[in-house]
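Just so it is clear, A, B, C, D and E label the chains in written order, and each chain counts residues from 1 on its own.
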Amino acid sequence: MPLLSVEHLTTHLFTDSGVVRAVDGVSFSLDRGEALGIVGESGCGKSMTALSLMRLVPEPPGRIVGGRVLFQLTATGGPVDLLMLSNEQMRKVRGKRLAMIFQEPMTSLNPVFTIGDQIAEAIKLHEGGSRRQVQSRVVDMLSLVGIPTPAQRANDYPHQLSGGMRQRVMIAMALSCRPEILLADEPTTALDVTIQAQILDLLRRLQAEFGMSLVLVTHDLGVVAEVAQRVIVMYAGKIVEQGTVDQIFRQPLHPYTQGLLKAIPPLAKLPPGTRFATIPGTVPDLAHLPRGCAFADRCPKVRENCRENEVPDDPCNVGRLVRCFYASNP
Amino acid sequence: MQCGQARAVLLCIKSVTRDSCIVIRKTLKYSGDFTIHDPRSTIYEHMNDILVNIEDLKKRFPIEGGLLGREVAAVHAVRGVSLSIGRGETLGLVGESGCGKSTLGMLLLRLLEPDSGSIIFDGVDITRMSQRELRPLRRRMQVVFQDPYASLNPRMTVGEIVAEPLLVHRVARREERRERVIELIRLVGLSEDAYGKYPHEFSGGQRQRIGIARAIALTPSIIVADEPVSALDISIRGEILNLLCDLRERFSLAYLFIAHDLKVVEHLSHRIAVMYLGKIAELFPAEGLAAARHPYTQALASAVPLPDPGARRKRMVLAGDVPSQIVPPAGCSFHPRCPYAQEICKNVEPPLEEYQPGFKASCHFIAEMSERTVSHMAPALHDAVRV
Amino acid sequence: MERGSLNPSSQKYSALIWRQFKKSRLAVICLVFVAILAAVAVAAPFIANDRPVLMRYNGSWSMPVLKMPVALRGVDLYELMSNPPAGTWMLMPPIKYSPGSYDLSSVLAAPSLQHPFGTDGDGRDVAAQLVWGSRVSLSVGVVAVGIAVAIGVLLGLIAGFYGGWIDIAVSRFIEVMICFPTFFLILAVLAFVGPSIYNIMIVIGVTGWTGVARLVRGECLKLRRREFVMAAAASGARDRRVMLRHILPNSMAPVLVSASFGIAGAILVEASLSFLGFGVPPSQPSWGSMLSQAQQFMDIAWWLTLIPGSAIFFTITAYNLVGEALRDAIDPNLRT
Amino acid sequence: MFTYIAKRLLLMIPTILGIAVITFAVVHLAPGDPASLKAQSASEALSSDRMTREIVEGTRALYGLDKPLHVQFAVWLKRIVTLDFGTSYRDHRPVIDKIGDALPITLTLNILTILIIYIVSIPVGAYTALKPKGFVDRASAILFMALYSLPSFWVAMMLIALLCSGDYLNWFPIVGFVSDGASILPWYGWVSNVAWHLVIPIACLTYGGFAFLSRFTRASMLEVIRQDYIRTARAKGLPEWRVAVRHGLRNALIPLLTLMGTLLPALLGGSVIIEQIFSIPGMGRLGFESVLARDYPVIMAIATISAALTLVSILITDIMYAVVDPRITFGKR
Amino acid sequence: MNRLAYFIATALFLTVPIFTASCGGTVTRDPNVLATTLPANPPTLNPIMAADETSSEVDGYIYESLLKLNNRTLEREPQLAKDYDVSPDHLIYTFRLRRGVRWHDGTPFTADDVVYTFEQIRNPKVDAANLRNYFKDVKRIEKVDDFTVKFVYARPYFKALEIISGAPIISKHAFDNGEDFNSHPVGLRPVGTGPYRFVEWKTGRHIILSRNDDYWGPKPAITGISFKIVPDGTVRFELLKKGAIDMDSMRAIQWVRQTQGTSFTDNFTKHKYFVPNYSYIGWNMRGPYFNDVRVRRAMTMLVNRDAILREILLGEGEVVATSFYKFGDQCDRSIEPLPYDPVKARRLLEDAGWADTDGDGILDKDGLKFSFTLIIAAGSPLQRSMALMLHEDLAKAGIEMEIRQLEWATMIKLLFERKFDAAIMAWAMPLQQDPYQVWHSSQVDEGSNFLGFADARADRLMEDARQEFNKSKRNKLYREFQQIVHEEQPCTFLFQMPSLVAVAKRFEHVIDYRLGLDVLEWKIGPWPKLIEW
């Protein structure tokens, strides 16, 4: 039984220019200890999916309008639908069982409290304990995420830390109650490439150490390839392809996945005169999606059928989710 | 994607005189089965054909304090950079945030005032020119910015934005101007009806095209492209890079291509300069990335996560953060993070020296680096490019 | 999310703001009210006057409201009006009194058909004064704020754009102005230069620019480093052009909001000044002076207090609500 | 820190000087001077004889008004350095005494007013930011905006007529700060007597402030609420009120601090109209009377003292800013 | 409106609950104390320096002068002086002082105090320009003995006695201690000889006096007087109505229309008296508009004084035709004011050469448009009404008039500099008036003759009258003078205004004298039903 299974999660943004279907019937599951990557370009709904799991969709304009998020809260007994929990109950899950880190470590920490305070807040809330106990937990967490001289650093304010350090603090805060699932929303995007490597290493290490499940939301296929075991590719609010890392990177079946992979410049000088591979066109307006496949306008393999009919999960019977009538190897 | 690998590619760059000309000759050593043959993109046979020459440029941003508002500290953004860009050449400038690469670009355009050093643009010293004197020269140097949202005036139509440089320099009459603007809009791959629309009606990639159209409106000699694709989605990135390549050929443009992503720069540039804390750490021909020896260049290259699950290589992960720009480390500024740092690195600043024809680096141990690191990095890189 | 894709149908920025603005029905009503008020102020001579708007006398047509016709020279118009000879035809304005015309036989008359808003202590028609008073109140508001905005925009722009010692000087000047208790300063200056409508406008304007200047300076500092401004500089645009074409239009929206509140504030200041006896000359009726005069009749003539009081209240509310809605409309945080 | 404060104090000098110059210019370049006013205010009642220029000149000399302007200014400046603000032309009392009488009254009134405004506006502003476009938001916006638009003198007149005059209701006293002879009351009686006198004036001073401050708080709170760290706080599982108060309001109130600094001039200037109507002998009335009487030393002193105090208060708020917001340090400003 | 106000009131109560719990703080008033108001905080209570009415009103209870005016006969009678002699040449005045008078601080009153007082008045270092002005002709003041003082005049003047005997006498003992006279603390807590002594002055709030139980004369029944300082006239009236004060003056409209109800008449008696005063519209005779007597007469005929008196002043006042107190013996009551006659006025203007030649609706003459500015003082509703009506009436006659409402200091300045066309002004005056200051041609350039009235015959009449000590002869000269002024119409005389005062009914023996009420002789009756807050 999976730790978390998401069924037809649907989140809409109600804006002036119409209803934006940010997350449009997304289903997937996550096993204990598994690392799942969600990739896609900006606006594909990947972050909104993560926020929906936490029930942190900014409201207004957003609202979760349907679906289920089944979380195996207790070892025995059935899973619980997080969307049906009361706010009070959901708060006890957040931070304790299901934690999240965000893209911008610069702004994700409250500037007026010390980082020690901010980590301690979560520990006190979910686990209680004396001041001293909490404090030592804070120091432990900080040293766990590789912050030198953690006892002193705990008294620092966020602005006194570098970006990489802040992201470490965010991770320490998220892991302070040993959650079963960590949602990481673009955890390295705002960081420099050398720092990014540090954080990815850290995340990998801690995931193994804590035995927790990880949902890694990113637009960087490289990051996914390094960290995740299973990958979900999203486009226009829908999952277009799902599979193991090897499947996605070595055998992409959806034309969009294929295009994405091609568009990444490899780390080697291309022969001069080589054109960069691109996916023509732009992402469709999520408030006014065309009928049929959302990728149709940009797809090199598009046919009449694509524009007419809604694409089911696995129309080609390839054994995994590939939302394309004409899924095939490139 | 083309198959084949470039192994060690060497160019010989020989300095002739100090500030005027550099003769670059092609002395390629082949390895493996692949040969590079493209005269336009790799070989410069230009005597006196340097467009921009920067000599020992410095810029710091003072931090004022104390009783009388004296300068108590300064952010040393650019700490003595010498570079040259040839006509039609693309120089890639890479480094992490805060390394001074954008500042260098702005200095070159004289959008910031340098503290010392000189900028020679097409034989003319523009370092101390007044903005008024500079104005005619502005036609020949343009800029493309990173953020396609911030770089276009939201209150102007696309037509007005693209026409702005023409208007400022009184290049053409009203009707002519309109025609030229439409031509430019078409040239960057937008449809004609973009003319009367406002920037917010376009996607990021399209806006970047508008920015490029504005930059080429006066057919400049050089464009400083400050991270032009960093804010774009992967699927669109290629289009903009392709466009930049096309325009380069069409107008024989030179680029100072600033980026934080080695992968992006590598393909577009003729030469690459790696900056660290306001200085050039290494300068090498784009083909020679794999042969670049400076530990920082290598770390940068190896830190990039690769979209290949098989390539879980042993990376050279740098410890620590980028040091403060206010008090840069003494000696080699990279020494606190350098895995090979010795005592000397802490005290003596290494000069930027040619260690191989066409390769310059600022490292005391650049000679040893070849054995020590390239050997252990090579297999990883090897894997990496096997797509 | 691609911001462009969110608003595919939108056009100009101003159109965008208007679309946001329109969402508040109350604000639209207020805007209409302000427009009507402006129309009333402009058309005051045609609405409340003791002369005919149009008349035919001795076979010739004329508009005595604008200019006394030559034909009527030496003729007692008032006599003529009460006893029109044959062949004379005239069209009177809706309110048949000019704000100054008094009638000692109907002092402090309560509202009636003849005087819909009653008369004041000198037997003048309150409705006529109200209509003409809108001229003073509105023009003081608009002109004073115009002056304030002009000074504020100019200084703010220069300070924000050039920085350095110019900024220091301007900032210090702003600080000096801020340190004055404004109303006291206005009062002092008016006491010394004498209150005329122009002086009041100028004084309110000259003391009221600091907010705009700080706003524009702040925006300018922000925008100066924005890439499109740098792009303009990079293409060789002169400072003036960069300031006026690129920075100013982008910092005008908050200025507009502040202007809207400023007009409301200036109307209030004018009323307060009138109340203290520092208002516009008595021959120009203003709402503030009406109210100030009403004070002595407060418990015997309620209409004298209520009517100009309500006029001030509704006008200020309208401007404030317009400002508020405008602020909401340009606030990207609130845009959904 | 100390160098920062010292530097700021030094920087105040040109500002205060600027204020002094402007006030001096306004006061002295204007028509009407205290000497001829004084000479003329003699009613004919006592006797009548010719009013000669010598007497006016004598009075001018007495006041030091016969010297050239720049000399007068220098003399004034020299005295100011020793904190001597001179004596009033009108009654020859030391100016500092007159201000000393008026300032506490104005401050009591205005500090109470500001307290009430803050106490009402901040919760309302914060609440409306958490529930934007809700009923409370719309209702408070319209109500406060309407209150903001009511001219205070009009409201004062109405309240007097309705609540104080005895024609309708006779709940409150009309004038003053405290009843005559209230000093015989026990302290609590005295306090409640003062409070009871101040209800209506403070009501008139207060109601207009709600709109501005609640909207300001709301905007500030809205800005804070959409910050990433609020999301972080929620992600930690904090209760919503804790997110709002501890993480939201704390940050949202920082800009309100700066506002405090700029409120002071209004506070020191007092409210001319309210003080005039309710016969409260505060700074507003003192200033107004001084202007009418061309009492130059008092006008100059009010301007400079309030400027100096304002500058100090701005400095204090800036320092408080740094206390509340750890991002700001003085070493690097 | 009421609903809104009630709503606001209710809201206030809900939001400010602490104030509602304020029951313990009421103060009951002492029925033996008279509570009244002052319209402004007096600048000082030093009677030498005091230049405004608020000071003199308070000082009147504290300080005394050598002689005082009898309420009924309006003749001078002894106060601090027991009696006095005047030399036959009217140059030497000798006063014998009352013995046994003590200052409020207990020290005895002597001739030194009198001499000191007049020395201070004449001292140029003392800020008493207004008073000093009247003592220019005093040659010297001598102390004959401890209780005799002699004043020597340089030239005879019929008002000399009035001037000397009317000045308030201050205590040398209290003042002469080396401190600066102008800023002397006794100026703020006065020490006098009068029936009331100073108790407390809270700046801008109130002044409290209490009965001087050591007073040399008959002691008043009222044990104290408290003056509330209330600048706003409407508020003063509200205070009166609710019984917070016992006595106050009011405007005509309040007098006639707002004090009708029984709630008022049950608690107050109304008193009306005329102190000498007159208001006028002065025409600047130097300017191009009003140098012609026909124009000035026309102006007067355009002002409908009777109607204004009837409708706006509700009949409370008198139309005057001269500058003299209408109920005094100087006034020539036979002079009829010029009638309101716009038609005749227009004819007069036409005669004077003013005609609308260019058809713009405004009269002109020799290319000059008849367009002038009237200045009035801020704060007087009546002047404002008058000005506005004049504005309207003149417009109908083809004259453009701009109104400038000026604050008093500015207005004075303009008058002094003669930079005005026309002004509405009012003079308060003594019972025996000397028109020299206002009408003599020597005062045209620098004195109070703002209008520039210069008439040789009138000059001579005024000069003669000053030295004429025979009242009936003097009055004859003044009658002749009044005729000249009437002919010339340098100004349009308007009204003499009454003082309209309400007094709480618990005070008895309140007698209306011609020049006012005398608080000192009032008695106290039962407490009325009003409550004081």
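Following the convention adopted for this analysis, a residue touches a chain if its C-beta (ideal position, glycine included) is under 8 Å from a C-beta of that chain, and two chains touch if they have at least 3 such contacts.
All of these numbers come straight from a predicted model, not from anything done at the bench.
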item: Where chain D and chain E overlap in contact partners, by chain label; value: C
item: Reaching chain E from chain B through chains that touch each other, fewest steps; value: 2
item: Most extensive contact between chains (C-beta pair count); value: D-E
item: Between chain D and chain A, distance of the C-alpha-averaged centres to the nearest whole Å; value: 54
item: Between chain C and chain E, centroid-to-centroid distance (C-alpha), Å; value: 41
item: Rounded Å distance between chain B and chain D, as computed from the means of their C-alpha atoms; value: 57
item: Centre distance in Å when chain A and chain E are each reduced to the mean of their C-alpha atoms; value: 88
item: Residues of chain C touching at least two other chains; value: 2, 5, 7-8, 10, 191-192, 194, 295, 298-299
item: Residues of chain A touching at least two other chains; value: 42, 60, 282-283
item: For chain D, residues that touch 2 or more chains besides their own; value: 31-32, 132, 157-158, 161, 165, 167, 226, 276, 292
item: Interfacial residue positions of chain C with respect to chain D in the complex; value: 26, 172-173, 175-176, 178-185, 187-189, 191-194, 264, 268, 271-272, 275-276, 288, 291, 295, 298-299, 305, 309, 312-314, 316-317, 320-321, 324, 331, 333-334
item: Complex interface listing, chain E residues touching chain C; value: 1, 233-234, 251, 253-254, 257-258, 304, 307-308, 310-312, 356, 359, 361, 376, 378-379, 381, 384-385, 387-389, 391-392, 395-396, 401-407, 409-410
item: Contacting residues of chain B [partner chain A, same complex]; value: 1-2, 4-6, 9, 34, 36-38, 40-42, 96-97, 203, 205-206, 233-239, 241-242, 245, 260-264, 266-267, 286-287, 289-290, 299-312, 315, 317-319, 321-322, 381, 384-385, 387
item: Chain C to chain B touching residues, read off their complex; value: 2-5, 7-8, 10-13, 226-239, 241, 246, 249-250
item: Complex interface listing, chain B residues touching chain C; value: 106, 109, 111, 131, 134-136, 138-139, 141-143, 145-147, 149-155, 161, 164-165, 168-169, 198, 200-204, 206-207, 211, 214, 217-218
